[in-house]
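Before I ask anything, here is the structure I am working with.
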Amino acid sequence: MSQDQNDALPLVVGLTAVLVLFSLYAVFIFAPTERVMGHVQRIFYYHVASAWVGFLAFLVACASGLLYLAKRSPRWDRVTAASVEIGLLFSTIALVEGSLWARPVWNTWWTWDPRLTTTLVMCLYYATTLMLRRLGGSEERNARVGAVLSIVGFVNVPIVFLAIRMWRTIHPAVLTTSGFAVAPRMLVALLASLLAFTALYVCLMWTRIRVARLEHDVSALRHRITATRP
Amino acid sequence: MSNLVYLAAAYAVAWLAICAYLFGIARRQRRLERELDRLQRTVEGKTQQGETVR
Amino acid sequence: MSYWRSVAAIVAKDVLAEARSREALSAMLLFALMVAVTFNLALELRIDNVLQIAPGLIWVAFVFAGVLGLNRSFAAEQDRACIEGLMLAPVDRSAIYIAKCISNTLFMLTAEALFLPVFSVLFRVPVGSPALWLVVFLGTVGFASAGTLFAAVAMNSRAREILLPLLLLPIVVPVLTAATRSTAQVLEGQTLAAYAPWLRLLLAFDIISVVIAVLTFEYVIEE
Amino acid sequence: MIGPLPQSQQSEWAIETHDLCKSFGHVSALQDITLRVPCGALVTVLGPNAAGKTTLLRVLATLTRPSTGRVLLQGLEVQGHDAALCNLIGWVGEQTLLYGHLSPQENLRFYGRMYGVDDLDTWIHALLNRLGVGERQEDPLHTLSRGMQQRVAIARAILHRPPLLLLDEPYSSLDRHGAAILSSLLGQLRDAGHTVLMTTHDLARASELGGEVLILLDGRLVQRLDPQRTADDLRAAYDRCTGERR
């Protein structure tokens, strides 16, 4: 089975590379320049795509957390751990890109917008769950706790979002997300970016999980050797 | 025109972060594969000496 | 029936131990007051802006004092491995959660009931209105119900004192915003209709958090 | 004081394990433990430090999950948390499982309520007197010496009249008087039909108690000595086992 997986990986990587190149073409050449914001609006495509992958990754972590608790197989724990890590990477990218977009457009690096605030808060939470795994303790317990935390975290995302949105509507928002009309060609660029990033997520998960499995094998072998040492 | 700086920065940040992450994983994988190789040789050496490895 | 008898036994045990030692209560109360004093010095709380700052100050004090109390509550269970005594008892693991959640809520509410009058005297904020106490109650239940789960997570790790607030604070962001906003509206003398959405959010959070914690507690409490 | 157990036991074996293994990460603590303890037996598990004695007892007490293998207590399969199993087990561990701010009496009353013990106050009173804690039973536990606390921990373990007692180094921190009380109590419990499995690292203690002795070494059961063995047999066997390892 692992042989099959290794055979399939180059294929997936190749597909991802094609999708990424196409998305770059769609974003920079195919999509028209936005009238008000100019070229800087092109940040939008990758910003949305990385935010989407962040969300997807935390969703996958929640699902694999549930599966771990049901099946107790270390395989699902490796999926949870990898997905949280990659979700954190993409959420952080989304935050930084958002910031780099907000600066020229709204003249500020940061706004306490519901989406941004929720992402920031949940990033801090997920980073702590990763830190928890490094504090030692038994692998089995880390897996169990990791699963529970990924479930609780994901369930909490919409509640945090709702709370912050209610909070913003009561405080008059200084800056509103000024909507812009999405031309069909822009939509193509957006979809291309979403697809490319999702494929990228699959690739990263694949390699990350493989490394985690390797790590497990190596430490198992190492202990077997020390255990039989006369 | 200076807006292009932000555009470039945003895309640079995204790709740099992803590449850095991939590079980290790849390095870890290489290190682990070397280690696995070394350990497997140790195990083979031991079994040749007539020891059983549990 | 034996389920609720066990819950009652654990709560009674916690209350008795706390009545003897007053460790958690005095720590929480003193810490909350210290937060209030510190913030007053740092933010220059004056009569003309008291209504803007007081709600946030109250809840920041509650949250940090609450973290302290939660850590204390599970430290007591770990002291002579008492938690193993609870795990060995013939009761469902969720009964342990419910009991610890009730006693943590009780201790926090007691500390808050002692804190608010002092706060009222120091900052001339009226705290008599029943609506305020309703907000305090709902907010505390939300905080303690999520906090009890995370305190159990943190209990078996190194660095548990740091871990608990880092995990808990992001999760209770909804409680913090809802409680702060509704406290502000109550203090401003607005009608129930104005802050009813916030109360609903608090209630929803309380219910969801208790349900999820009851379902997952057994996975985090085992060693 | 300790009455005979009701004769309603489903199995002739109090403890049965099949190929029990426990590892922490990749470090293995127990390997292939297959074990049968008949009801009403007094069994001592003897072994040097780090032999896996505590792990074995914790697995049997359901405090630690085994990595692989099966455990049956009185014919009941151990898997997950089960009230019927909990009622079978009396546990004394390295820690006392008692609350420092409560008195011995209050501690026992709390645990008695958790187990739904009948006629609690009289029973607690009798137990504490039997263990020689009578005079201190209303003082906060943290004011008692470790040895006195250990006696209360033993009372806690037999409070719900469990048919199976799992005692991890129960003699630790007991003085001579306390040890004598415990020895006579164990004899009484065995006569009443309770099964006792205890660990010790102390050869003299194991040989003095009588009953079967299991020698545990590096997570494996290496020798089993029946109750008829003499103290010298035991010493010789133990020296041989530990000697082989060196």
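Note that the chains take the letters A, B, C and D in the order they are written out, and that residue 1 is the start of every chain.
Just so we're on the same page, a residue touches a chain if its C-beta (ideal position, glycine included) is under 8 Å from a C-beta of that chain, and two chains touch if they have at least 3 such contacts.
All figures in this text were calculated on a predicted structure; none of them were measured in a lab.
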item	value
Closest chain to global C-alpha mean, per-chain Cα centroids	C
Chain separated most widely from chain B, comparing mean CA positions	D
Between chain B and chain D, centroid-to-centroid distance (C-alpha), Å	49
Rounded Å distance between chain B and chain C, as computed from the means of their C-alpha atoms	44
Centre-to-centre distance between chain C and chain A (centres being mean Cα positions), rounded to whole Å	32
Interchain centroid distance [CA atoms averaged], chain C/chain D, Å	39
Chain C: positions in contact with at least two other chains	222-223
Sites on chain A at which at least two other chains make contact	138, 222, 224, 227
Chain D, residues touching no fewer than two other chains	65
Full enumeration of touching chain pairs	A-B, A-C, A-D, C-D
Of all residues in chain C, those that touch chain D in their complex	2, 5-6, 9-10, 12-13, 16-17, 20-21, 76, 79-82, 84-93, 218, 222-223
Residue ranges of chain D in contact with chain A within the complex	24-28, 65
Of chain D, residues touching chain C in the complex	61-65, 81, 83-84, 86-87, 89, 91, 93-102, 106, 110-111, 113-116, 140, 149, 156
Contact set on chain A toward chain C in their complex	69, 121-122, 124-125, 128-129, 131-132, 135-138, 141, 144-145, 147-149, 151-153, 155-156, 159-160, 162-164, 166-167, 170
Complex contacts: residues of chain A adjacent to chain D	138-140, 219-220, 222-224, 227
